[in-house]
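Next, two complexes with subunit A in common: one pairs it with subunit B, the other with subunit C.
Right after this comes the complex of A and B.
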């Protein structure tokens, strides 16, 4: 008998009669927001805005018409000279961007280049009101994971119809086989001696533009 | 009896026993390319290129990596200063476009503005090898119909996987409820006294970039 068979045999023995049966997973958590938290769609969007702001991100509402000028103004305000974007970002988002050079990301853009830019602009897959979380899945206008992790400033465009109430609602919309990045505010770590260090695992600054329907 | 009832009554009378039965539509045409026309996928793409060129359009093959620089070079070659694009055109297509101003189209862009630009860049929904036709359906990277009709130069990006062999194959891929624009070469009309007038109903010049897989 090999070691592998021996170990598996012990596991089977320990499982006994329970072997092959699925364990019951308690799912007593709330799947949707209660009426006291958000009664209407507008309340869900307002709750998201509030929670994102609580996480020390900047958040602003814009109409679809203003999106191009608002993105340009936000980058000018930070004196950004060079940014990176996913190659499939809608052109209109950057159409007003005079004086800022936007690099279209590709597989050959290296980490040093991403580290040297003044920021990144992306969309998202879904956003969660209750937790103020934005989820990227590498789909349209989001690019690969490095884009939202390496640059120090992340400007993220969230369409109001991408905002759901709760984490279970977000999970229902997402494909678990895609590379998911869950972003709850700017990056902060306290991993070393409990000291609060911003930007340890991602951008130090997160700016969210909610595009109203 | 109203005129309407009278007319409908006559129609019903004329139909007689055939009323309510569906007429048989002969569908004896070929639905796919024969082996003599195109045996492999590469042959389908090559046939498309050949037929588009026959229609007096410029056609070129590019790799996805070169697309941004090829679009820029094509516009520089035409001395284009100002172009218009659908707002959702992938940013990477225009990332190398220095010295050319790209206007993101919106519902308020008027015909005079579209007429004044040096060209338009769009994608397409599907392309047909046998007829050298490109079909736009107003979907992603295509914009509204005016965009591909008013400007005098149209640069159209066709991904190789969007090319099908025949019209029936194209129809099967398209949604008949969308606004479809079928483009077979640059616009030419002979409607007035049989004289050949270029640009009567659309762009005088069509440039096609086929992005190979």
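Right after this comes the complex of A and C.
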């Protein structure tokens, strides 16, 4: 008997008459933000901003036509010389970039190259106000996983209409067949006496630009 | 079965050594105190916390009571998405499968990320025996590796160490750590990061545990603080994931509940700093080969027990450890290498059976205070399962041809108390003896085996006259 048959056989034997008798899942929890948390769309965006800031990320609001200059200013502020971007990043995002070399990622870009750049600029798929989370799904302007985990600085552009209120809303919007990364704040570790300090794996600095509608 | 060191001592014996280590007790008190305060605040912050817990418990029960069908569904979904599924009856088989897969890649080094599962299957030893090296990618794991002892906590393996000890371990064992290294947590984290980052950037094979496996879609999920799994997933060409058969979740939608419960219970975060979800392989992103090893290792035995199976709801958040007065003082070591804390006290004996002295001692490693049940995000009634398992331990002892001293004593007591005259005669005799042993109204030490009882407490001297004697001899009285 194969191990597969043995494990499945043991499970069936163990369950016996109880097999398939589970009660329905009571889903009484909140699917959307309560009125005391956010009444309007603007409140949802404001809550997201607040929660991202709580996680020690930098967060700023910009209008769509300022985006190019704000990205450039943010990178100049960090004295970034070389950055990496997904190949399909909207052209306008980097239009104002002077003096910073932007390397478009490709399948042959190796980890050492990603390690040597000063930062990465991406968009996102969904953002969650309640938890201050940004979700990347490898779609447009996001690139592959390696791109957003290796560089030490991550600049992420979030469009206001990508922000949902709660985790259930985000799960409903996301496609499980895509490669998903949920990022809540810059990389941290709590390994030393539970102190929350920068460390661990992934960018230690996260900057979020919220593009208002 | 999980390789447990030969002659693993009973919980009480292991705890005795741990209790005399005051430094460790102080470190654990700080760590668990911080974690439980954060988790309690995070639970208060969620207005629908109890509804989420109800849903979480029901989702886990759905998974367990339909486990055979869901495992087949998961296997189909993972295979369709380009992954390969392997089945392991026990830890040794899982170790063999992983070792074989690693050998097939031709690599001599693999990266691993902190997980109770890799410890459960004894991955390091299995790979070591085959000439390959497992390299950890998280700071807590690194600290444990550099020290002489094992992991002490489910989610925070180095919880028993303080900053000064961690600095010393780094000075002795971390290449590049000079005497200038301060014991500031940020400096320690930076030194470890540099060291760990190098191996991650060059990693070709990664082995780690998945926290959940979604049957409907074949999606594997990892919630973490440091992101060792996130980075391994991004960079390694071959990924070998190990998951307990009970970690199955029926649908993608069910994650909306678990992704709220686990981060809050585990470290008090609204969301874990990094969560990764992957379904099979994605061309051009992440590993080109994905293996999923489904591990039984005693889980199906636990499933057979109607009361005990609720323990399989466990989502490994460690909330029960952080509130447990016994764990806080004894640490993880005495619970053995499978799982520490209250959840270990109810899962380990179920995975391994209660015939051995070590396993049989675990259900007694509790004061039954119930704090764990109050915080469990999937509502496992841990004290209830502990009592149930104590019953099983007694049952298994009853079947032995030669009764142990406790059983013998209990039988004698039962025989004595079964008859009024026998009971009164023995009461009179033992009262006399007890009064001979007492000094100043207290008995400090009972003779023989009974002495264990007075090891930790005094016994008050019994009164010269028993209640029964007083009742019999009292002056007759008229009832009006």
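The rule we apply is simple: the second predicted complex is superposed on the first by the 190 of 213 C-alpha atoms of A that agree within 3 Å, B and C clash if a C-alpha of one lies under 4 Å from a C-alpha of the other, contacts with A are read in each partner's own complex, and residues count from 1 in each chain.
Note that in this section contacts are C-beta pairs under 8 Å (C-beta built on N, C-alpha and C of every residue); 3 or more make two chains touch, one makes a residue touch a chain.
Model, not experiment: these values are computed from the prediction.
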- Determine, under the contact definition given at the top, whether A:32 touches first (subunit B), second (subunit C), both, or neither. neither
- Touching A:95 in the superposition: subunit B (first), subunit C (second), both, neither? first
- Message: Contacts for A:65 in the overlay, against subunit B (first) and subunit C (second): which applies, first, second, both or neither?
- Response: first
- Go through the superposed model and pick first if A:78 touches only subunit B, second if only subunit C, both, or neither. neither
- Task: Identify the partner contact of A:87: answer first if only subunit B is touched, second if only subunit C is, both if each is, neither if none is.
- Result: first
- Task: Between subunit B and subunit C, point out the one touching more subunit A residues.
- Result: C
- Message: Just to be sure I read the superposition right, which of the two partners does A:159 touch: subunit B = first, subunit C = second, or both, or neither?
- Response: neither
- For A:104, decide between first (touching subunit B), second (touching subunit C), both and neither. first
- Message: Quick check on the output: what are the common subunit A residues between the subunit B footprint and the subunit C footprint?
- Response: none
- Message: For the complex, give me every residue of subunit C touching subunit A.
- Response: 27, 30-31, 34-35, 47-48, 51-52, 54-55, 58-59, 61-62, 64-69, 71-72, 81, 87-89, 93, 137-140, 143, 156, 158-159, 162-163, 166, 185-186, 188-190, 192-193, 196-197, 200-202, 214, 217, 219, 225-228, 230-231, 233-235, 245, 252-257, 259-260, 267, 269-279, 282, 284-286, 294, 296, 300-301, 303-304, 306, 309
- Residue ranges of subunit A in contact with subunit C within the complex: 2-4, 6-8, 10-16, 18-30, 34, 51, 107, 111-112, 115, 128, 130-133, 138, 144-146, 149-150, 167-168, 170-172, 176-185, 187-195, 197-202
- Task: Would you pull the subunit B residues touching subunit A in the complex into a rising list?
- Result: 65, 68, 85-95, 102-104, 106
